[in-house]
Amino acid sequence: MSRAQVLETCDEAVAGIEDGSTVLVGGFGFAGMPFDLLDALIRQGAKDLTVVSNNAGNGEVGLAALLKAGRVRKVVCSFPRQSDSYVFDGLYRAGKIELEVVPQGNLAERMRAAGAGIGAFFCPTGAGTTLAEGKETRVIDGRTHVLEYPIKGDYALVSAHRSDPMGNLVYRKTARNFGPVMATAATTTIVQVGEVVAVGEIDPETVVTPSIYIDRIVRVESRHYTVQGAR
Amino acid sequence: MSTSTPATTAVVEHLDRGPLSTDELAAVIARDIPDGSYVNLGIGQPTRIADHLPAERGVVLHTENGMLNMGPAAVGDEIDPDLTNAGKVPVTELPGAAYFHHADSFAMMRGGHLDVCVLGAFQVSTDGDLANWHTGNPDDIPAVGGAMDLAIGAKEVLVMMTLFTKTGAPKLVPSCTYPLTGLRCVSRVYTDHATFDITPDGARLRETWGSTAADLAARLDGIVPPHG
Amino acid sequence: MSTSTPATTAVVEHLDRGPLSTDELAAVIARDIPDGSYVNLGIGQPTRIADHLPAERGVVLHTENGMLNMGPAAVGDEIDPDLTNAGKVPVTELPGAAYFHHADSFAMMRGGHLDVCVLGAFQVSTDGDLANWHTGNPDDIPAVGGAMDLAIGAKEVLVMMTLFTKTGAPKLVPSCTYPLTGLRCVSRVYTDHATFDITPDGARLRETWGSTAADLAARLDGIVPPHG
Amino acid sequence: MSRAQVLETCDEAVAGIEDGSTVLVGGFGFAGMPFDLLDALIRQGAKDLTVVSNNAGNGEVGLAALLKAGRVRKVVCSFPRQSDSYVFDGLYRAGKIELEVVPQGNLAERMRAAGAGIGAFFCPTGAGTTLAEGKETRVIDGRTHVLEYPIKGDYALVSAHRSDPMGNLVYRKTARNFGPVMATAATTTIVQVGEVVAVGEIDPETVVTPSIYIDRIVRVESRHYTVQGAR
C-alpha cells in the first residue's frame, strides 16, 4: 500500500467506512482496543458492520459502545462471554446480533493467512468438535486437520504505542496482541497511536508493524483506562 | 513428566486425610512440572499453580495474549492495563520476558513448543477427550478462547478439576456428554480425590487422597482396575 | 499506474532517436512508478531503476531478504556484510527502514502488499505469462529465488528486458518456450524498443523508440494492432 | 522446549547430530550464516545430511565447506546458482548431490508451517510451473493454489547477534533473514551469537526469537567477513 496519511482527527481517520463493511478491531479485552477510533466510528454512522475481534466488548465503552449503538450485524470472535459483556449478551439473547465463535488461534492464523496470501490451511485445532462441523478435514501424518480459510477485513482499527509518519509501529507489552496481525489483513488499516515521532526515531530493528501495512495514522491523547474500563 | 511416578504401577493411597484442597492440588501439579519447562496455565483454578512454582524451578509461563516469562499478578502501582494475562488480570513481567503478537503466540502453542499446559474441565473421558469450553446448554453463550488450540498444541495436556460435580456425578467419564474441546489430547488428570494417567488402556489411577483406589474405581466407569 | 498514459489509445512514437539504453529504460520505468509506492526491484537490470527514484518521490524499496526502505548501494566504510540486498550486494538503510524475517518478508510479498515489482525476463507472453527463472537447458542448474513469489504477489508486475535476443528473436511472444515463472501475472512490459500493456486482448503498444509501432508490430506475433 | 543450555564450544553445541539428519542452516549468502557451527559440524563428522538453506554455499567456507567435505546428500534451497557456488556446482554436475529447488517464499512459509502446527497450506506461488508439477492444486477465489507441506528440521543452525542465557535472541539488519523461522521449525535449535548478555538486558519488546525456540547457545568470537567470504 502506498504511503500512509497522518490525519488530525479520528473522524477523518474513519471517514469512508461503508455500511456493511467487515471491520477488524484490535485488542484483547481493553488492552490494545482502539477506543478513540471506535468512538469516531459511532459518530461516523456506518452500520450493518461485521466486526472481527477477540472479544465482544466489555462494559459500555469501545467495542461495547459500538454494539450498543446498533451498528453491528455480526461479531466474529473467540470469547464473547465475559463478566462485563452484558451489552453483547443482551443483543445476542434478543436475536439482534449474529455470533460466529472461532478458536483464538484460528482467528489469529486466518487473519495472518489473509495478509500473507495463503488461500487456506490445514490445522488440527477443533478437529472433531462442533466448531469444525461442516468443514473439510484431512488426515495428515495420522492426525485429523481442519481446512480453514482466511479472514480478510475491509478495514482494521488498531491501537499502537508509537508511530513514525510513514506508519512504522511499535506496541506496548500485551497490548500488542492482535494489532500486528489485523494490520496485515485489511484493505485499509487505520491506527491510533499515543505518539508520532520523526522518521528515523524508531530503531528499524524494533519495528513490529512495518509501514507498508498502514494507511491512516492519528495521534490520540493518552487515555487513562483500567482493566475495568476506559476513562 | 514422570519423575514423580513410582517405578511400580502400585497406586499411592493417602488415607490419613481427606481430599485435596484446590491449593493442595495446585501444589501437587506444580511438583510434577519439570524444572525449566515452558508452561501455559489455563484461566481459573490452574492459575493457582503459579504460586507453587518458585523462581529457582526455572519454569517459564506463557500467556496466549502474547508473552513469555509472565510474572505474578500485579498489585498496586504495578498494575498496567497494557499488561494482562489471558484472563485479563493485570500481571507483571519477569526478567527474560518476551512479547509477541497473537499469531506468533498461537504458532508457539499450536506448533508443539509448550512443554505443558494445565486446563480446567467440565469433563474428561477415560481415553483423553476434553470438554471444557461449553456446557452445551442452548441458553449459554459459547466462548472458546484458546482452549482448542492449547488442547491440540501442548506436548502434555494436564487437566485440573474436581473429580465429581456438586451432585456427585463423575467428571472423568467413559465418554463426554459435554461438547468437546479436543479429542484424545489429555495425558493426565489431577483431581481433589485422585490423579490419573490416560493410557492406551484407559484412565489409570496413580495417587489417591481420602479414598482407596478400589473405592474410587467403583464410583467411576472405564478405569483400569488398580493392581496396588 | 497510468498517469503518463495519453488519454487516447494512440501509440507515442519517438522516431527522432534509436532504442533506449538500459539507463534510459530505467528512467522510463521510474517515471511510471507512482510516488509513495512500495516497490521491489528484481536482481539485475531492474536495480538500476533506483537511481532514478529521488528521495522526494517517497518510493519505499523492499528487499525480500527482510527490509523495507532500503537505501543505495553501500560504498567504502558503509559496507556492512550484515546488510545486503537480494542480490547479496551491500546496501544502506534509509530513515524509516524496518527489518523483518524471511517468512514475514514473503508474507508481505505474497499477501499483495507491494504496489509494484519490476523483474527481468527471458520471455513474456502476450497474455502476461512470465519466464525468467530457468533457461530450460538441462545443463543449467535451476535457481528460482523469490521470482515466483514476486510474480504472484505484487499488485503490478512490470517486466524490464530487451525486446529482442542477441540473434533478433522476439522475447515478447504469443506463448513462452522457456519454463514459466508465473501465469498471466505481468501487467506491463518495458523494453528498449517499446513499452506494452498486457490487456485482455493481448499486448498493446504504448510507446516506441526508434521504430514505428507498425514496424514493431510486424516483427512480433500476437500484438494488438496499433490504431495510432 | 525446556530451558536452553549455554555451551562453551561449538563442538559441544553440535554434539549428537546424527548421520542422515535434516539440518536447517540459516543465512542468505553469508549474512546470518552460522560459520562456526558449520565448521564444528564438519569436525563432528555427521554425514548423509539433508541441508535446507536459501543457497547452496558460497566460496569454500561455511556451508560450501560442509558440502566440500562430502557430508551432504541433498540440498533443499531456492537459489543454488551463484557466481561463487562452484563447490555445489561441481558436486551437482558430478551427480554427487541431490537438489530440490523451492521458491524462496515457500521455503520460508513451509518452515513456518512446521513451527506453527500447520499441516499444509494452499498458496498461488508456482502454480502452473514445473516446480508445482505433481502437487495437488485447488482453485480458491478463482485463482489456482498449490498445496504445500511443512519442512521440519531435526536441527537448526542459526547465527544471531545477541542472546541472553535463556535464549532470547536479537539479530542484526538483514542477517536476521531465515534464523527466526528456522529456530521454530527444528526439533533442536542451536544458535551461535556474538554476545551473551545477562537475563533482563534484552528489552522484552525487541526480542525477535523468544527463548522457547532455543536449545543450545554458544558464543563465538566476532568474525570478520565480507560479502566475498568469511575471514
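By written order: A, B, C and D. Residues from 1 in each chain.
FYI, contacts are C-beta pairs under 8 Å (C-beta built on N, C-alpha and C of every residue); 3 or more make two chains touch, one makes a residue touch a chain.
None of the values given here were measured: they were computed from a predicted structure.
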Separation of chain C from chain B in steps, with touching chains one step apart: 2
Between the pairs B-D and A-B, the one where more C-beta pairs touch: A-B
Averaged-CA centre spacing for the pair chain C and chain A, given as whole angstrom: 35
Distance between chain centroids, defined by C-alpha means - chain A, chain B (Å): 30
Euclidean distance of C-alpha centroids - chain A vs chain D, Å: 33
Where chain C touches two or more other chains at once, by residue number: 67, 93, 99-100, 106-107, 109-110, 152-153
For chain D, residues that touch 2 or more chains besides their own: 109, 112, 116-118, 123-124, 171-173, 205
Overall pattern in which the protein chains touch one another (line/ring/star/complete/other): other
Pairs of chains found to touch, sorted by chain label: A-B, A-C, A-D, B-D, C-D
Chain A residues touching chain D - in the complex, by the definition given at the top: 109, 113, 116-124, 138, 140-141, 143, 145, 149, 170-173, 203, 205-206
Of chain B, residues touching chain D in the complex: 34-38, 58, 60, 62, 67-69, 93, 95-100, 106-115, 152-153
Touching residues on chain A, where the partner in the complex is chain B: 28-32, 54, 78-82, 88-89, 92, 99, 101-109, 111-112, 123-131, 144, 171-181, 208, 225-227
Residue numbers on chain D that touch chain B, as the complex places them: 1-3, 112, 114-118, 164, 166, 168, 184, 199-200, 202, 204-205, 207, 210-213
Touching residues (chain side chain C, partner chain D) in the complex: 63-67, 79-84, 88-90, 93, 99-103, 105-107, 109-110, 134, 140-149, 152-153, 179-183
